[in-house]
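Shown next, in structure tokens, is the structure this report addresses.
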Amino acid sequence: MNPTFPFQPQNATAKKRKVAIICSHGGLDEVYPAFILANAARMSDIDAMIFFTFYGLDAITEDKVDHLHVNMAGNASSPIPTMLAGLPGMDALAGKMMRTKMRKLDIPPAREMLKILDEAGCELYACHLAMDMMGLDKKDLVPQVKDVITAGDFYDLSEGAQIIFT
Amino acid sequence: MNPTFPFQPQNATAKKRKVAIICSHGGLDEVYPAFILANAARMSDIDAMIFFTFYGLDAITEDKVDHLHVNMAGNASSPIPTMLAGLPGMDALAGKMMRTKMRKLDIPPAREMLKILDEAGCELYACHLAMDMMGLDKKDLVPQVKDVITAGDFYDLSEGAQIIFT
Amino acid sequence: MNPTFPFQPQNATAKKRKVAIICSHGGLDEVYPAFILANAARMSDIDAMIFFTFYGLDAITEDKVDHLHVNMAGNASSPIPTMLAGLPGMDALAGKMMRTKMRKLDIPPAREMLKILDEAGCELYACHLAMDMMGLDKKDLVPQVKDVITAGDFYDLSEGAQIIFT
């Protein structure tokens, strides 16, 4: 006899916490908050999923995942004056600087983070509509992406979750 | 005798899912995630509301709703170099390109989306404080806006909802 | 005999509403939505906390809190052409204009808002990882910051909360 039996199903529903992250931007500095929040959720035994949409698709696109830029011109906190931030290559340079800093702190690069998240049980999804807009196909995405789903599917998967739109 | 009676009120509270979207940015590419998430919620029979605040007010302002730009300079995913993105008219051009792409995918323009959302039962609200900051009056807004409310009112309306800040 | 006793514990859990705001951007126009939502929550007797991470740390850094800029180049709603928005000093000017407008509406400056939030019982936290990335120390932050915590700690504190990522 399991003494907790009568409360089990109820608790199971109430207790299993879930986080559904929507990643809608593709900058290195915009993607990492999503990655870190997803990873921390799994470390805390919270269910986690990321739904990549709009520019966020860059983070799971084979051609782009290794070259995510840092958006300097559109960043009020940037130490670089906006005028200079507009110079060609500046975003890439900022991305390089951020990557160096991250490496020193042992934060893995984006592609590696996706593998870690996948192995930790975080489910990665791509937005169907955004894929159509960008002219992308499932084969253009990293293999860790579980499925291409609609916003309606996202709602099915995020029932009862804390939704975090990044 | 309704056998489910004793659980009814509890279930009623627990089951009616609600999404409260805060739309705080006014770019075409920033407004559509809010629109699409709200619409998908209604399609899934989830209660939905959008609270437009700060630059998000552009999306429900009569003078601006048909001319929402795409923010190229502040977009790390942009294919256009930041320097060129800063040229006059570039944001408008990007907006035009995005509109063409959306039309091909049968995604309605912003003004049309607001009508569709309203008819689908999604409630549209404007932020009182942001209206004051921008010097806007209720008559400056599209007719689908149900009311101008405070952040406090927003909390009343979003009790139990999944909040999505876009 | 307290007639509500049998429902008390259940209600206590169900009723005490909580809002956990993540502030990840440092522009004046990006920080205020977080401040205003946190303050409105406290006014409505909802528990509130703000977790400052990435550029959001600017808003609680002693050296920066009084000089937060408005991001013009990365703002599709800006009335200033992107090219001009890139000129040196333009962000600072926009920040000054926004500050003047806010003063007219009796909206307190950022440093003052943090004091008000603290006194209203809103808990302010800084992200450990982001502090490391920016090379910041607890002593660099305003005194209202309660603690420097990890993303894992954030999840502990935000259990059952509505999460708002700004």
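Read from first to last, the chains carry the letters A, B and C; within each, the first residue is number 1.
Note that in this section a contact is a pair of C-beta atoms (placed from the backbone, for glycine too) under 8 Å apart; a residue touches a chain by one contact, two chains touch by 3 or more.
Being a predicted model, the structure only gives us computed values, none of them experimental.
Under the stated contact rule, the graph of chain-to-chain touches is complete, every pair of chains being in contact. The angle of the rotation superposing chain A on chain C, based on CA atoms and rounded to the nearest 5, is 120 degrees. Residue numbering at the chain A/chain B interface overlaps only partly, since under half of the positions present are found in both copies. Chain A and chain B have Cα centroids lying 22 Å from one another.
Touching two or more other chains at once are residues 29, 71, 73-75, 85-86, 162-163, 165 of chain B. Contacts from chain C toward chain B in the complex involve residues 17, 19, 29, 32-33, 36-37, 39-41, 43-44, 46, 71, 73-77, 81-83, 85-86, 101-102, 105, 107, 162-166. Across the complex, chain C meets chain A through its residues 22, 24-30, 53-55, 58, 68-75, 85-88, 90-91, 129, 132-133, 150-152, 154-156, 158-159, 161-163, 165.
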